[in-house]
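Below: a set of structures, written as structure tokens.
The following pair of complexes shares a single chain, chain A, combined with chain B in the former and chain C in the latter.
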Partner chain A sequence: MRLIAVRPILLVLLTTLSVTMLPGVEKGSSFEFTKVDLSLLEQADALDSRLEREGMVFHDEAMETYVNQAGRAMLPSGTAPERVMWRFRVIRDPMANAFALPNGSIYVTTGLVSLLENEDQLAGVLAHEMTHVTDRHSYLAFRDYRKKSTIASIAAYASSMAPVNTSWGAAIYMAGHMVPVVMMASINGYSRELERDADMYAFNKLAEGNYDPKELVNTFRLLERMDEVNVDKIYYNDHPKLDDRIGYMTGLISSKPPVSVSPEVLGSRRMKYLSLTEQVVREDIHLSILSHRPRTALARAKKLIEFDPNSAENLRVQADAYRSLGPWTPRPTDQELSKDGKQKEQSLRRKLTSDEEERQLLANGEGQAAWQENQRLAEETYQKALAIDPANAKTYLGLGQLYEKTNRNKEALEAYEKYLELAPNALDRQRVQGRIDILRRSTGL
Partner chain B sequence: MTRRISYMLVVILLISSALATAVEFLHPKLKGKEISIRNVVVLPPIVKMTKQGVKGAEGMAKEEEEAAGTIASGVTAGLTGSGLSVESPFTEEALRDNNELKYAVADVQRKFDEIAPQLYKKPKDIRKGRFSLGDMVAVLNSKGTADALVIIRSDGQKQTKGKAFMTGGLVGMATSGKATFISRVALVDAKNGDILYLANYITSGIPNNKAFDKSFRSLSAPK
Partner chain C sequence: MLRSIVARIPSSATGGGPAALSLQNRVLGYTLRAVGGRAVRPQAHRAGPARVAHGRRSGSGSQSEPRSISAADCQNVIPDRKVLLRNPPAIPWQVGHFMKSQLLVVLVLFLAIGLTAAPQASRKPLTQDQIMELVKGSVPSSRVADLVRENGISFEPTEEYFRALRSAGAEPVLLDALGAARAAKSPEQDVAGQAKQHIKAANALMDTGDIDGAIVLYQKAIQVRPGDAEAHRLLGVALGKKKDWQRDITEQRMAIQLNPDDAAAKTELAVALHSAEAEQARRDEPHVASPVKAPAQDTSAQAQQVFAAGQLQVGQRKFEAAAISFSEAAQLRPDWADPLVERAKVYMKLYLFREAIHSYDQAVKLKPNDPVILNLRGYANYSASEFKRAVADFDEAIRLNPNMSEAYQNRGNAKWQMGDKAGANMDFEKAKLLGSGAQARKNTKRR
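Take a look at the complex of A and B:
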């Protein structure tokens, strides 16, 4: 309760701080590192190691190469600034976000990669984040926060902003604990001027690289999408200056129209992006389900299906998403998105675990109806996946879970056995064997 | 003002004992001896340390790594001392070249953090069997021999002398050298993910073997 009361006060204070922060480093001027800067750099290096060690960094060779190529195409000319080594990574977090560490590590979340629609948007995000590194924004912000932190504690802010009853945003929360200024920037942005500098750099760099700068505006619009009832109004997609940014970027495009990129080129880059990010999107769907964001999972799965409707893997993850929806509707209802609805949801999340919330919804008629429809769609989609690839082991696993939940124990048993037959060395073999043992005992088979 | 008094009380408590104060919560099946725990697998501890100074908060990355090692060995010693067989297979080396396993460990840790707010808020509800991570945890019990997974969280805060003086006066300043840790050790059923046991500790300094020495006795399985 205390945190709820403190949160708006801190938000106002820190938003004020972010607006009045120091200007950036002059382009081309040297930056003198102080002891404080070096300590921030040390924390940034440690955060890189920790994210890797704790399984937050997503590894997929094709995707890593692609993100690196897109990032390197956006680099400023000349050598890297002192104590900067450029690295571009995808982080396993379903929250759509990106952040830059002062040591040159730029992270985009699986949530953002799966939300974006083409390479131009990804390049724009990377170019924007790059400016925060080249212009030393984190160092300047950190110096500034240290001067003002007697007014408000960043750590208190960070903990008050931790999402409740969900693990989405875990990456940025970890970053916030180790390098608080990164979390601050990720939530509130740097000052209006610094954010505008970063957007301007991205705009120019995109135009220079034959990308379409208009895609920056489309990126901002995508970030405004509401796939879930977001009760934690804190992250990138609730960026307070997002509307401003759409406004000035649209103004810039009309006053200084960039060389237009042909629809064929854009289309081909879009197809390349969607093809290379397929695996990331599937991983993001898995993480969204795990983080109790089934509607986001379904929205991303639908995007995958639009791109490749004949992929058994894509159909399988879509079926997983339907199954995880449980008693929820595929999109938030108007009631849920209303002020009262959001307050109710916030209160529920503070009191109940996601399993308890699901059980509560299942106790009413609407929840039951939604559950039945979602399970029906899940089964139908699993069957479609099997029609395309009858040897897709994970489809049998999903079907087994679906049948077990709907009390079709004999079919569940067969599906689990088929899974183990197709994937005898699966990491979750023991888990599935456990389910089989329970089902055998209950069915007497 | 109330906060200041509470802080002083914690400081005095820590000075007088300088030992862990453990509070334990047991699942009814464990308490009723319906199930017993003999073999456990320890997951890498997640330790967060922050230095709170007058000029704000800073991370303590190096210290966190050292603390994680000390805490893990302390918990292992405590569990072994209670007659349990302990394995720690998820070392950095083991996970380095196995992304599938690394992600599986991360996902279980993530799932625990998802229910952590409710778990920490109402730990007594463990006695009602309220909390579960689900059977996804069985992925980390690939040999099928573990009865429980051990999940460790530890949050340490160290105050600089200036900050300690501001919040706790001279008493606070005198105790500013050591970080204060709030640690939690949870045992999760390795098959179905039920939270079987939770112990909370408050320690002055990194919780070491001594802190966990007398813990986990209630877990001792009948021979």
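Take a look at the complex of A and C:
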């Protein structure tokens, strides 16, 4: 598993090397499709249906409508570019990212949706991705790659890739195994020039659409925030690049000041955004926990609570996040963020599974202290959630897992039983019943 | 014409910017209803401002301090104070040393009380500025966090405030403490405040024409605080704007049930009932549907005006409001295709493909030989994955205008999606040929 994971990183290196030296950009309208381009298009269509079939696409009517509205408001009403069919989708992946396939499918990850704060930011991201489609960046990058590569048939190459890992939160990893190398550029980012073009286009589109283009800069700032120590580098979270983007965008704003949107309206749009995305954020927190990014999970949960502090479901999700933190502190410590710390963490990751790493951390005093604190906060938050909604089954499940881990077997037993009582048709009934049986035996009840 | 009257209402008349805005909106709402539902209630118009003012008062009065100190009250108070200031009660120094020492005792007593009360006073919740000052004054974050925990806070820290604090050098300890302090507030107070916040945001969205967004937030407010009469009433109003009279009626009834004195909700209910009835009547007797036709010139000018308003709203990204305007314009001038086409374009932006196609259908009925409209409907069909119908539309558009490069490109796209790759490629070729020709013609013209 771990070994395979290295491969996409190599691919990224390869593609970024090749993509950075692109020839002059041909504009979309005069673009002539070649056989090679069509094969790439075919791959994009295949990837679309693959993502759909693997259950990676997040289907929620309200969210789907919202993303589509934000994107389509900026599209011309009578025509699409040649061989493009616009589709806007949310994809299950806790890593903040967005990408466009050359066939017009634009994907935004749940991680990005839950990181952003308002519609203007979402629109900015979509406008940026739309440029990659209309200006045919994927095709251009792919042509360039082929010139330098010896791999003759991309189809053969794609099929030679390792089997797909379908676990949650692996869209990028998955895509890396499903599509030709150069599609990675669509997902990991293009050359500085192309991305800059896309940013400029997004700026204009936002200003045209009565959005606040300044929110683009805020998007970059949000992306700069570090919740986790080790994050795979993709264009969206690449810091030097983000600094660069913030730089030229601020320059553009000051040279061409857009009509500013009143803070009141911005505030309302933010409320609407948070209200509509609440469900997605909860889902994303769940995904973050599953993919061992507990700090991201907690940061997103805090945002949820900030918006709606009296929702039992939000509190439960926050408690889950605390519980999953284990021996890690809620925010990376300075030591962890230092170069040494990062390297150490990286080597640990390579050697140990996350369970083993957790055990190692628990062996020292700091880890113990953090663990104690996180468990305490988790319990407290679960109780808060129960005070608001005593019939939320999942809260009891979380409490049971928490108690079991802290060896409070009797309480764990009670919580699990309550869970099954409230959710008799739960999918994990078998497993929980198994835990109950074991706990009964050990507590002698 | 009512719009212009409304626009002229000075904001001071209602005592504030947002209130005035929402007043405008409300009155506008009535105009729209009146036109849309043909249920003109003149008294509703006349009663508009007064009623709205009343509604706002009843809405805020239930949750916040009464603000209704009249000017007369002030006049009654101020003279008294002036008199007091002019003739301050002098300390009778002439009464002798005995009195003076008594005064001293009283003073000492006061001091003592003051001192014992002092810790009580310092437990006053911290304000936003106080914390910021402490942080900027490089007081350690852990110390400020302790203060926050001891005293609590008197405000709702926003994300912007957190950001400002962070950039001022606050450490996570303090931010966590602030978060906890807010969570510890009493739940009922918090819930009311939260609901209010949602309502405020929703009102602002109504002003920007984002009715769907406003509905989402009103619903959120009700979810947070189900007993909020104001939220129910305003949700009803928003639904009414979308002509969902039945749900409007339900919400107004709910509001009245929650607050039987809510006069605004009662009026809203009356308007909604009337509009629903009128619409029903219109549906039952379609042949009398357009009795307004009599003064043709007048409605035509009015239609043009409403249409222009719709175009303006599109520019401001008020798509839902624009759709309503275009519908109105289409109703005012049923033989005019433009508003139907523009409405369909707006529906495309709102991801309402079926509605868009339907709207284009109506336009095509009026102008069956317009290749532009057929191309647009074809594109709507294409977006809705109705490729066969899309191709039929593009075929027709191309028959009517064989030089329409856009229609060729669109037909190519539709054929491509259907798997007709050869047909698609031919169309793309043709589109490029025509497109470059058009481009060349343009260039020569420019020269």
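Criterion: the second predicted complex is superposed on the first by the 375 of 445 C-alpha atoms of A that agree within 3 Å, B and C clash if a C-alpha of one lies under 4 Å from a C-alpha of the other, contacts with A are read in each partner's own complex, and residues count from 1 in each chain.
Methods note: contacts are C-beta pairs under 8 Å (C-beta built on N, C-alpha and C of every residue); 3 or more make two chains touch, one makes a residue touch a chain.
Everything numeric in this text was worked out from a predicted model, so none of it was measured.
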Partner chain in contact with A:69 - chain B first, chain C second, else both or neither: second
Contacts of A:440 with chain B and chain C, given as first, second, both or neither: neither
Which of chain B and chain C A:410 touches, first, second, both or neither: neither
Touching partner for A:77 - first (chain B), second (chain C), both, neither: second
Which of chain B and chain C A:225 touches, first, second, both or neither: neither
First, second, both or neither for A:427, with chain B first and chain C second: first
Chain C partner contacts - residues on chain A that touch it in the complex: 29, 33, 65, 68-69, 72-73, 75, 77-80, 82-86, 117, 209-211, 264-265, 267-272, 275-276, 302, 305-306, 308-310, 330-331
Residues on chain A engaged by chain B in the complex (per definition of touch): 39, 42-43, 46-47, 50, 53-56, 59, 92, 145-147, 149-150, 153-155, 158, 164-167, 170, 177-180, 290-292, 350-355, 427-431, 433-435
Partner chain A, residues of chain C touching it in the complex: 18, 159, 172, 179, 182-183, 187, 190-191, 194, 197-198, 200-202, 204-205, 207-208, 210, 213, 216-217, 220, 224, 315-317, 319, 345, 348-351, 372, 375-376, 379, 382-383, 406, 409-410, 412-413, 416-417, 424, 428, 431, 435
In the complex, chain B residues that touch chain A: 44, 46, 48, 50, 52, 54-59, 61-62, 64, 92, 95, 99-107, 109-111, 113-115, 117-118, 130-132, 134-136, 138-139, 141-144, 191-192
